[in-house]
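Just so it is clear, A, B and C label the chains in written order, and each chain counts residues from 1 on its own.
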Amino acid sequence: MSITRHDSGPLLSLAVEHGDTVYLAGIVAKNLKNDIKGQTEEVVAEIDRLLAKAGSNKSKILQATIWVNDIRHRAAMNEVWTKWVDPKNLPGRACIEAKLADPNALVEIMVTAAR
Amino acid sequence: MSITRHDSGPLLSLAVEHGDTVYLAGIVAKNLKNDIKGQTEEVVAEIDRLLAKAGSNKSKILQATIWVNDIRHRAAMNEVWTKWVDPKNLPGRACIEAKLADPNALVEIMVTAAR
Amino acid sequence: MSITRHDSGPLLSLAVEHGDTVYLAGIVAKNLKNDIKGQTEEVVAEIDRLLAKAGSNKSKILQATIWVNDIRHRAAMNEVWTKWVDPKNLPGRACIEAKLADPNALVEIMVTAAR
């Protein structure tokens, strides 16, 4: 199966196609002054962009890992998540707390999707 | 390849089939008054149930991520894990510490399996 | 699709082939007296060894999860990562902080690759 990589920087590719599956990097917001809701909105918009580039979309997400830097932010993150996901095509998901690379990054989401 | 989702709630699906692969959500116990061993037993029983629903079983697990809310619980979790897994068909695995959504949840396990 | 497991111990297999995909365990260094750079070098060498055993190599890595036990070690880990990865074939990646099984383990890396 062929591998196609998108948006490759010095450390990683933001999306990697492998056959019928696409693996995204952990996505964080760029505007780190926003609160958890604003950051989550930016993250899911970027996931939409990357999935489209890789021939997929949010209705095809298979599994998501969500790291929040404070587990008490989970409810606010979930508000944005619930508005964003396709309610008829919900992925598997884990949401746990972890310190992220930038102390001002409040949420990071990494998904695997079908193409 | 077709996608089939099982046990979908408001936030996520507990299991998602994609071709020959099945992606589970991170599973936590419902009875959070149990100790780490009791919670792990409930988690692996639920994984058994979900894998069966998706046409798989524990002998086909490919990769597992295990979060414990206190890394000192790893040994007790491993006792249950070792009794549960198919010793001839062990998956790849990572076990790390993380705060989980509910402070009384002591362990969360997310697996990917073959069908 | 067939499943082939490599280097299976009491708890896990270090590598699992499933069709065109290979799932590795979270890899930590054995020499835990080394600093973050030394430990990362040992981890990526072990990943190279396991990928080769499973018919893959670092140019085919699809997604990597990197746990560091202190997020301030990320820059030093990245120095080793950048020298190691194939710059024309970079994987998706997330790097977060987590306590690992051994308090002296500074980094753990789990990858999924194409075969």
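In the analysis below, contacts are C-beta pairs under 8 Å (C-beta built on N, C-alpha and C of every residue); 3 or more make two chains touch, one makes a residue touch a chain.
Predicted model only: the values in this text are computed from it and were never measured.
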Angle of rotation relating chain B to chain C [CA atoms, steps of 5 degrees]: 120
Interface sides of chain A and chain B: same vs different residues, half threshold: different
Chain A and chain B, separation of their C-alpha mean positions in angstrom: 21
Shared-contact residues (touching 2 or more other chains) in chain B: 21, 65, 98, 112
Footprint of chain A on chain B - complex, ascending: 1, 3, 5, 8-16, 18-19, 21, 23-26, 65, 67, 98-101, 108, 110, 112
Residues on chain C engaged by chain A in the complex (per definition of touch): 20-21, 60, 62-65, 71, 74, 78, 81-82, 85, 87, 89-98, 112, 114
